[in-house]
């Protein structure tokens, strides 16, 4: 089961493709422009939540967005140590960008 | 008519592949100490067909399989190609056939 | 575990190139081995010694080089991607008759075979791409 | 090199708008040249890479579809395609330069899960 890393806004095709491939046994880490998919009460955040995947967000990138306080709580903030830990737990990674 | 040295890069590949002709192949062969026989020409034209068909120079694996398809199983072996073009048949053959230098990434 | 990183993202655009660097640092700090970092496509500019980044911003070339030297990392740029972008070591500069060597000495040029070899070798392979 | 890992090459970009499509096919050919048989999956805009009768001679680059036609010579015989994306562009497998296997979303999810490494272009 792959770890998906998503580096694209909800308006980019990579976002929709990631959503199509995301399953309940996967994990998703939002980074770069991907963090805009986590804004509370948006269609994008709800869709990601409905996938049933474990949801994470890269904390330094979330902070850069200025929207940290508006992000849905279901996205757990991770630092790079946490990112590496995720990669240990999931045998492969699919990068969406 | 011989092309000047400046027509070739330091590795002996044609700078402009549009300048290729059978005479040019002879000229490159001479600089590689290869005497072109009918068997060589068969592969050189095969390489030119490959390039026309696939818009790329083949790696060894693809050249062997293509030779087998077009010329039969006895000629579609790396041993046969190595005898004609010692060292690196795909690269040397491409040089003589006026194909682009095979991608360094392969 | 043994890791390899495939870096497609440009060091001059977006966050992803530096993300790969931070990931590499964190993986090493957690005791993992990094078999190779393979830079491909726009990622190859990570080894461009003549690039200048503004003061006050991270300099990815310097940071990769420093990390590479500190941990003796195999930092490889795909040679055909690199040549298109003007990244030459001494032998490629001579081969293609160009005046300058522009590759930072912490990096090397190599074929895609080195990426293929890494996929066969490592436990984990992570791609850092975009923006495209 | 012995094949120890199952590698999936996932390509998602159109052939001429950037250099990632070419990077993907070059990586596939390199893997095949080293006897590591990768799986190849064309998703989203990447289905456009497969359209037959491409002629890039007038735009100064190689014709991507023609390079893909050489995949069988590298013993890459199974090429997988995102069925939804093909449909979105009004294309069918008859419009493509090589034989492909069409996959729906669950089958693609399974492919992602079945490989040790995914190279994403």
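Going by the order they are written in, the chains are A, B, C and D; count residues from 1 in each one.
Convention: a contact is a pair of C-beta atoms (placed from the backbone, for glycine too) under 8 Å apart; a residue touches a chain by one contact, two chains touch by 3 or more.
All figures in this text were calculated on a predicted structure; none of them were measured in a lab.
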item: Each chain counted as touching chain A and chain B at once; value: C, D
item: Computed distance of Cα centres, chain D from chain B, in Å; value: 28
item: Distance from chain D to chain C - Cα centre to Cα centre, in angstrom; value: 25
item: Chain centre separation in whole Å, for chain C relative to chain B (CA means); value: 33
item: Where chain B touches two or more other chains, by residue; value: 103, 105-106
item: Touching two or more other chains - residues of chain D; value: 26, 30, 33, 117-118, 120
item: Sites on chain C at which at least two other chains make contact; value: 78, 80-81, 111-113, 125, 127, 129, 132
item: Pairwise chain contacts, counting only pairs that touch as defined; value: A-C, A-D, B-C, B-D, C-D
item: Residues of chain A that touch chain C when the two form their complex; value: 5, 7-8, 14, 31-33, 58, 60-61, 64, 79-81, 83-85, 87-88, 91-93, 95, 97
item: Contacting residues of chain C [partner chain A, same complex]; value: 1, 3, 9, 14-16, 19, 22-23, 25-27, 29-30, 32, 124-132
item: Residue numbers on chain C that touch chain D, as the complex places them; value: 6, 8, 40-42, 78, 80-81, 111-113, 115-117, 119-122, 125, 127, 129, 132
item: Partner chain D, residues of chain A touching it in the complex; value: 1-2, 13-14, 17, 20-21, 23, 25, 91-97
item: Contact footprint of chain B on chain D as seen in their complex; value: 26, 29-30, 32-33, 56, 62-63, 66-67, 69-70, 73-75
